[in-house]
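What follows is a single structure, written as structure tokens, with notes after it.
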Amino acid sequence: MRSLQDSLAGAPTMPLKTGRAPGERRAAPLVFLILLWLSLAVAVIFLITLIVNIVLEGGSRFGLPLFTEYPSSSPDRAGARPAILGSMWVIGTTAVLTIPLGVAAAVHLEEFADRKHWFNRVIELNVQNLAAVPSIVYGLLALAFLTLVGVRDKNIVIGGALALSLLILPVIIIATREAIRAVPAEIRDGSLALGATKWQTTWRQVLPASVPGIATGSILALSRALGEAAPLLLLGALVFVSFDPNGLLSGFTTLPIQIFNWTGRPQEGFHELAAAASLLLLGLLLVMNGLAIFIRNRYQKRW
Amino acid sequence: AGEGSTEGGGISGSVVADGSSTVAPLTEAAADFFRDEAPDVNVTVATSGTGGGFAKFCADETDISNASRPIKDEEIALCEDAGIEYTEIVIANDGLSVVVNPENDFAQCLTVEQLNTIWGPDAEGTVTSWNQVDSSFPDLPLALFGAGTDSGTFDYFTDAINGEEGAIRTDYSPSEDDNITVQGVSGDEGAIGFLGLSYVEENPDAMKAVEVDGGAGCVAPSAETVQDGTYTPLGRPLFIYVNNASYAEKPQVKAFVDFYVESEAEVAEAALFIGLTEEQKATAQDELATLG
Amino acid sequence: MATAHDDAPMHLQAARNGSVADHVARPIMRVENVDVYYGDFRAVTDVNLAFGLNEITALIGPSGCGKSTLLRSLNRMNDLIEGARVEGEILFHGENIYGKGVDPIEVRRRIGMVFQKPNPFPKSIYDNIAYGPRVTGMKVESMDDLVEESLTRAALWDEVKDKLKQSAIGLSGGQQQRLCIARAISVRPDVILMDEPCASLDPIATMRIEDLMQELRKQYTIVIVTHNMQQAARVADRTAFFTAQVSEGSGARTGVLVEYGTTTQIFEDPTDQRTEDYISGRFG
Amino acid sequence: MATAHDDAPMHLQAARNGSVADHVARPIMRVENVDVYYGDFRAVTDVNLAFGLNEITALIGPSGCGKSTLLRSLNRMNDLIEGARVEGEILFHGENIYGKGVDPIEVRRRIGMVFQKPNPFPKSIYDNIAYGPRVTGMKVESMDDLVEESLTRAALWDEVKDKLKQSAIGLSGGQQQRLCIARAISVRPDVILMDEPCASLDPIATMRIEDLMQELRKQYTIVIVTHNMQQAARVADRTAFFTAQVSEGSGARTGVLVEYGTTTQIFEDPTDQRTEDYISGRFG
Amino acid sequence: MFAGRARPGEAVIKLALRLAAAVAMLTTIGIVIALLVPAIGFFREVPVFDFLFGDRWAPRFADASFGVIPLVTATLWTTAIALVVAVPLGLGAAILLSEYARPGLRKVLKPILELLAGVPTVVYGLFALQFIQATVFREWLRLDTGAFSVLAAGLVMGIMIIPTVASISEDAMSAVPMALRQGSFALGANRMQTSLRVVFPAALSGIMAAIVLGISRAVGETMIVAIAAGNQARIVSGPLEQGQTMTGFIANAALGDSRVGSLEYDTLYAVGLLLFAITLIVNFISIRLVRRFRQAY
């Protein structure tokens, strides 16, 4: 132990200016920090390379015709109009099917369910499991279901939406539960203590307060659905569609499928088109992610 | 009923085609052009492969079935059981091409026997190097790519080269997507693959077609050699099968098919195929007339 | 009152037999032999208390002795906690609020609550007040009048009357807490429970709330949990002192009522040593 | 000392000029004209204090007056909070710990800290103690001895010597807090800062920690923040009373040092009215 | 006095909510039935043993055989490669975000990272095939590899699952109480020591869960492997070889068409069932781990 004298002398036994040789202990943390940044940098550089690649290949094809033209056997006059509309139809239908269902399920699990009851425990476990089931399995499920109910042409908007809805339902349930959980208990207590019922509390306090979280989660889930190809492939969505889809029973193709289709063509022009469509898809996803982030940052309350 | 393109104007409804991915670009091109005639007709062209297409066709799920080979006996039986009557129409010609990597400078011409050596079921696991095909070839590992098992191309190739449909070594990369075959062949010096002529013409840098000796000397695949029948045994006709009932009852199907046959030359050109000979076209039109 | 073979201290005996509770002049609520459990854990045991009409009763005691638990069981807010269970009877105007056929929603309307952290809804000031009457389907002639009345009683009207449409989140902590009191009043309860209502407020805001309580007690019965003994001394008519008893066997800590009496008696002349230790700051 | 034209109260003047601080016999740390900011918000202003060698100094005052803020600035723990900034000088053995070239890591090793809630690492008891010496690269002859010594000084050795390999999470709250003290000791600091170290403990555990502080002060200088005035009265040699001053213009609340002196003086003979109000429980 | 009011509306609503939640269960039951029925048909023709342990996969050839081992080896390779990429990079990013980045920076970096998970897998697949494999591996690095490789597919898949690993690990690390970090800093530890010796171990089960979820993502990913890993079902013995994964087979088979009830159709479902079973098992492990990390402090 240091002597009293040392302390009284007014000078520390060791200076606070590190008593160690510079670099001796500084090197490791610095290298570590560089490694950390590097791991992020690798990911970001990869993303940039990917985008640059696509822009180089498809940038020249990214124009109005991509949006207005129908697919064609000639790359010069081909566009992705039906695929864009098809994506909108399928994603729109998916949203209408999934969001109310997902929110309702989440509300049940979070606000009403008796967590000890086996039924609810099984459902909870299920939701977690379903979130990790490969998307292609949902394609198999939708295919089997449509076969079972006797649908002949499985490549219809409602069929695709069914597969994608089941795919993102668990994602929406989980996101909604988190949003609901983030609403502080005090708000619920305050409402209930006034004589509000549980449902009134949920409907008037909890859900409005969790709208930003639900919106964020739903947008991200839908953007995932927008980029999915595998399950739709199983439903036979790899088709040439030369018309605008116009209803739930209409045939369709989607952007990712159209991209996949074009890359399978012999002509280089189609590969450029595929890149241009990829660019469009990436742009859409960027917009959706951006929107989600905006909502998250702007509206999510810090309680 | 007529074949005039102007009459398409008022027609609406849907036409469903499925089947060969080889033939699909033709039907797609036809659909593409047809939209100018009858914008309200919705034509979908799916690509389940020739066999898959017939399965749906005989289940009455489609109006038109694209095929890169003639219908098989068991498929005929299937259609008969379901009471589906149909008409076969030759719609274009193709040269099934055998392709190798552009770096490959030794395999200029291969005989059918040599192809059989490479692709036969017995070759599985044993024929792994080019010099087993011909001792003058270098000791370069073989890498094989080709059409997937659902395709008419597969059926046609196995029948023509190995003498039995579906008989082939399994240690090759089958794909329903021909562009993957292009990628595969262009990416491997020892590669060999088979696919439609259009892919060869569109990807001259990625691969080159070898000449095939079907007994009468080496012949390269081209429009002429296919049309004049000298590119044997891999020159082949491409078909569409039309559901008679659809043709009779759905004006949009009739209009589309009539248009398709009428404009086969432009369609074939757009889809990078070889058009019909005069003779073939006349036959096709006769077939339709009897349905008319 | 104490039986000879029982060695519990006198006053505890008394409480157990309900006799101290009987001293409350005009009891509006009575807590009789109440135990509160969380699952298997008994958080509070054997409480007997009575709350006098238009009186302020303070519940004091060290952290974890179950004050909040008991308070929440007085208006069935505990129902909402999974596994929470009340044994014994809690009588409101003589009727057991845990009795069969009792609607807990109605219980909560009649017995309002104010929490430790002000918890205004993220809505306008007006809507905060109007919420209770709306959800309970109260017949209201003029909501505007009711809002004004509630805010006036909570001594907040003058400060907010010009910004009723603004979000309640923008108010200061003290204003928020008075808003919560106004909100509790809006559904016309008989009793108001308050769980450390000033714990997160500064001294000036605390003083205002204390003054407000004195005002409110003319019309309401108030039960307040507080950590601040001075506060209890300042505002309460009666004080109940709780502590946590460690059971010898399991080591589980259970809250017990040590002593209950007028505030003057508890602070100046406690009968129990533990009360005295606590009051004099020896622990807690 | 006070200049005639200055109307601030006497003792504040004194503090400002450092004269009260000068009364500390053997100061090991001095706080000179310190303001602490969080971004633009000035949480504490104009503090002058000195901590005497081997003394226990208590910082008391109502919630939010900046006690924790000041304490954290004494060993640069504030560096970890975004936007936190210290103005003025904090001298340790005469050297400004915010001076150029000073290594905050070294500052923290020399000036240890114990927190309000016990925060043992989810590791074994042994590893909890060994952690500090290991990360600071202390040259240790025998880690086992060091662990034993630290635990012994923290009056925990006997209770845990047979389960050193067990997780520290399994200890009781009081044991955990003593473990945290042992952990702080293990790197041989000169000063130990404690921020309400007993706030989450029961009376018995509190008592043990208080006894321990008396023991530790023989070798260490201790600065303790406490809410519990009785605790300050029991353990501290000197007491500094802080309060929050509301600025008239902006309404911002800033912590100020009201009065600093021996504990006896502060509790028995406060010079400032606010101190007296606080001590006598008039607010807080 | 407290007589309850009848609230029939609420009962209906509660029932509706419960039914909505039950959809999750119906989905699982649906998956199991949808996969099991055709798979049973399959196993009537092909013994389970031959399926699970056979080393030749040639379901649609004249000389058919149904040994799934080749598909499994390809899946193992792509998954392993993906993890080798995603785990270190994902954890690095997670530590950076949770322990080093200020809130402002985090707000920017996290969404950028998350974008990686949003890129359509078709786009990734093409990038793997045309850029990584063709340009980088063959042209620039002159690696001895063909048109496809499990390495290119696995690598890109690894990048894709970085956000999955990073985001869940970051959650786990952020959940470690501030008090532990403060305890460490107060002892004179630096940020690296605090991150690695205190935060990381405390968050370990959450981190494990993140990795396990990454595994199930990689096993189930379809388009990238279907496009870039190759289509030849053979036992893969090195990263530069091509191979067909389970998902790759399903996608490829779906490009053709199989009649309901045919053996080809059933084969699809047999492989689907195996895939589902694998992800299910992996997932249960993950849920277990997450549960443990919730209890930790």
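The letters A, B, C, D and E name the chains in turn, as written, and every chain counts its residues from 1.
Going forward, a contact is a pair of C-beta atoms (placed from the backbone, for glycine too) under 8 Å apart; a residue touches a chain by one contact, two chains touch by 3 or more.
As the structure is a prediction and not an experimental result, all values here were calculated from the model.
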**Report entry** Touching chain A and also chain D, the following chains
**Finding:** C, E
Report summary line: Hop count on the shortest chain-contact route linking chain A and chain E comes to 1
Requested in this report: Mind having a look at which chain is the central one, using mean CA positions?
Outcome: A
Query raised in the report: Degrees of rotation, nearest 5, to put the Cα trace of chain C on chain D?
Result: 180
Query raised in the report: Centre-to-centre on C-alpha atoms, which chain is most distant from chain C?
Result: B
Query raised in the report: Could you state the distance in Å from the CA-based centre of chain C to that of chain D?
Result: 36
Query raised in the report: At what distance in angstrom does the C-alpha mean of chain C lie from that of chain A?
Result: 47
**Report entry** Interchain centroid distance [CA atoms averaged], chain C/chain E, Å
**Finding:** 52
Report task. Indicate the residues of chain B shared as contacts by at least two other chains. Result -> 47-48, 59, 177, 180
Report summary line: chain C residues touching 2+ other chains are 105-106
Query - Multi-chain contact residues (two or more partners), chain E - result: 190, 193, 227, 255, 257
Query raised in the report: Can you name the residues of chain E that touch chain B in the complex?
Result: 56, 58, 60-63, 65, 129, 133-134, 138, 146-148, 227, 230-232, 234, 242, 252, 255-259
Report task. Give every residue of chain D touching chain E within the complex, in rising order. Result -> 75, 77, 80, 82, 105-106, 108-109, 112-113, 115, 117, 119-123, 131-132, 135-136, 169, 180, 183-184, 186-187
Query raised in the report: What residues of chain C sit close enough to touch chain D in their complex?
Result: 62-64, 202-203, 206-207, 228-230, 244, 281-284
Report task. Would you pull the chain B residues touching chain A in the complex into a rising list? Result -> 14, 16, 24-29, 31-32, 35, 41-48, 59, 61, 177-180, 182, 198-199, 201-203, 267, 270-272
**Report entry** Contact set on chain B toward chain E in their complex
**Finding:** 18, 47-49, 51-53, 55-56, 59, 121, 143, 148-151, 158, 164-168, 170-177, 180, 183-188, 191
